[in-house]
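Note that chain A is present in both complexes that follow, paired respectively with chain B and with chain C.
And now, the complex of A and B:
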């Protein structure tokens, strides 16, 4: 490389992030429908669990209140965790504009991270009106501050698991350009095997070992079970260590794929 | 028209064979989509023996009836969902200058279609019917195809209404997505668990309840139906599908007559 190494500057990435937040805010109708669909889902989860608890005993010590809280918080997390945040990578590979990105004086993966973070932060803001809507339908239990702090930390780890999983999926576009089916399959598996739809503690005992070992559980299930107290403080360290291990493994896979993929682009000449 | 329709399916099959990997991945998605929904029901009803008197065996059949009607709709009419985008892109005007009916022109636009979902739905429905212990007699075999056709027409009518809105509003894709979400999530459980207002909407406004709940309640001899309707209500599914599709088609013609292009 001929260009001399410049001192790393942080502010361009802050600008990328702000730009992508502003871009998200322009899709007003999308915001309206995603809040509408959120309201419908909260109504649905309340009705379904109430109907199930009406004539049956609480299974595995989970009260109706705990499961409604779990499902509502799961939907709120989904607003952030289900975003296809590094979609820009796939789009740019598809239309070829990735070639010009490599010419810019920026760190390209960091650009995608900043762009995705802007979108995520905007959707994180949506959690506020969504929570207000949810409280119209359901009562959510709020745990003590210590538990809440552990939940926040675990959610952050889960967010990075989700980020790298999404990045890996979009990275496969270096080799195969049609990835929408793979992406949908992953989203569905994440929601189901991550315990967003049904808490993993309700899964048959024989299957639990397998589902807890998958990265999807590190995204949704761990922070949620910390929130409702099924994971006690004594097991925080162990649970979050598993999440951190997934972050490291998936980050390593992304790095290897990024290096191999970007070399391919240079060989093909864009 | 029949000849053109035959050609349409010939091209579909050839296209599918051309993009084999892609076809396999999309079929896998369809499998995961329905598989995870059924698995979630199974897990829930493993922990709770029943929901408003419906066991997992009943709900497996409830899902099967919806899956079959929905898959039939997807196989024959999924092009209707693409109308808003075609109007936006200006590509819709092409079907208007052809000698055949515009809606037929839309429905018979070749793509990568294959009845894989319908085949999965048939297999699952047969298994779920056997599992639910319903007596399969001549009556069942005659009524089920009519009910499934009615269900597919209900799906088509709602899709066509949303698509017709695209003549006036440019972006209706999100609305279509919302309606589909309502359909797939609300049809999963017996309608009787919802409040009166919601049950009313699902029965008479967006009549998803006739795609599976009322007919399933008839076959499974359930009492205490939503809104206090009689058990035979489910037998009206074909009629309701027909009425809704005629109304939706009239609305479509109304929109089409006023359509002046989006100005390309």
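And now, the complex of A and C:
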């Protein structure tokens, strides 16, 4: 019998994505709490910055308006970037159902990607009502269209950095099964060292070199600094090249880890 | 031409050697010492299309490991496999299109989705032509009575419903071969019968080859014409069920409960196996003494309140095989 190569079809992955979006939409309580906590954080951060600026004139040249815009947009991005989107991998390794995924005619990592993308797209839709809520408390400056376009592109690159970081995190479950501690640390690192809470430009100068060298900055900080104009158009190419480099490095690490991890399953039986 | 062929299949798991206790766990982090565990020692068999085979053996015998190699998710250490002409672990995805899998302990369906949407997803995964899909769905829905809970998310289904859903899901793409792992575990008698009927019918109507792994030997008795017995990774018997019955099913046990204690109970044609209080187990050779004759002899001599044949015949045979191993054309044990 001559075995012909399978033809790759996108359809199953599009379906996975759609089903995952539909699934997210059914967790209504989750949607409300997520929007609620977003509103609270926008309000609190604005209050904190206003109070700090009352005693301190614009540090490192950032005006109050710029920093409020920065932290609000950061929280909006967080709605998407903070999602543990490849959690399904960890769950399915934990309960052993990963074996049934391998018994289907699908590309398993692509399945997890599609599943996560559906979840992310749904939460991306939430950015619209979230923005509306935010505008009740704060004023956001909107940059010119060219800057917005660069910001969008940089955000997309940041999204892929976030995806692979998250995938790597969940891939460690191949070896440890229990990842909640690593997860906690990673969330804290991405939010803090990524510049979601405090812009990295406000970090002590001695630390800045180090934090910019980490992949977390490529997730949040780069698109946000483009948005508020701290990164000027002349440095777009350089900044996004760094982001793209992180995407490539993290994708390579993920691939190696996936190969080694799935090899553990096929050789060791999980 | 056989649809499944394995030749001296062997699978050895290698793991880091670990001493017991916390210290051992820490030491294992730095250890380079490995220990090997042979899960499958030497398994060769070949299956013709349309066969239903009971693949049975005690826990840890190597059943699941064999099935995982046949489905392509485990790579054999040595030996060869062909499933519908393919080497499963080299063509995992292509092999997956030829097979269907049902695990009694684990659902293949998508937990958050209604059954109907789970099926739709499977249609897309296996690229089943729309007309074929609709037809199969209608047939299975009738056979398994799925219509009532088609819109229910899988997580909310009862075990019986979920299993019926799983069976339909595994058969939608007309697999040539299905692997069933403990398909009736935990089900009530009615659900068990529905599932067995479904397997029979699918095999008869579509010529699907079935490999059935189970501890419920009633499944095997009802469905399989051939059994492959595996123990400590080696095939110890491969052949028709009847031959096992002829060679090993010579002895049965009659359990009686006496009305009053009897110190020295004796019945012609049977040996007292054990006696606990009023409960006596009598072992007899059914070729010499029929159960009917034995019961009559017992009742002639003693007053009893209850009697039963100890367990289904096949179970006692298999239990003996697990304990003693199989010797072909074994002489009948003296009564």
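Rule of thumb we're sticking to: the second predicted complex is superposed on the first by the 265 of 270 C-alpha atoms of A that agree within 3 Å, B and C clash if a C-alpha of one lies under 4 Å from a C-alpha of the other, contacts with A are read in each partner's own complex, and residues count from 1 in each chain.
The rule we apply is simple: contacts are C-beta pairs under 8 Å (C-beta built on N, C-alpha and C of every residue); 3 or more make two chains touch, one makes a residue touch a chain.
This is a predicted model, so every value here is computed, not measured.
Trainee: Who contacts more of chain A, chain B or chain C?
Mentor: B
Trainee: Touch test for A:104: chain B only (first), chain C only (second), both, or neither?
Mentor: Touch status of A:104: second partner only.
Trainee: If we overlay the two complexes on their shared chain A, which of chain B and chain C does A:60 touch? Say first, second, both or neither.
Mentor: A:60: touches chain B, not chain C.
Trainee: First (chain B), second (chain C), both or neither: which does A:23 touch?
Mentor: The second partner, chain C, only.
Trainee: Which partner does A:197 reach: the first (chain B), the second (chain C), both, or neither?
Mentor: So A:197 only meets chain B here.
Trainee: Of all residues in chain B, which touch chain A in the complex?
Mentor: Interface residues on chain B, with respect to chain A: 21-22, 25-26, 28-29, 32-33, 36, 39-40, 43-44, 46-52, 171, 174-175, 177-178, 181-182, 185-186, 189, 193-195, 198.
Trainee: Which residues of chain A touch chain B once you look at their complex with the stated criterion?
Mentor: 29-30, 33, 36-37, 40-41, 43-44, 47-48, 50-56, 59-60, 176, 178, 181-182, 184-185, 188-189, 191-192, 197-198, 202-204
Trainee: For the complex, give me every residue of chain A touching chain C.
Mentor: Residues 1, 3, 5-6, 9, 11-12, 15-16, 19, 23, 26, 96-97, 99-100, 102-107, 265-269 of chain A touch chain C in their complex.
Trainee: Would you pull the chain C residues touching chain A in the complex into a rising list?
Mentor: By the definition above, chain C touches chain A via 13-15, 39, 65, 68, 71-75, 84-86, 89, 91-94, 96-97, 99, 101, 103, 106, 108, 110, 112-113, 117, 120-121, 124-127.
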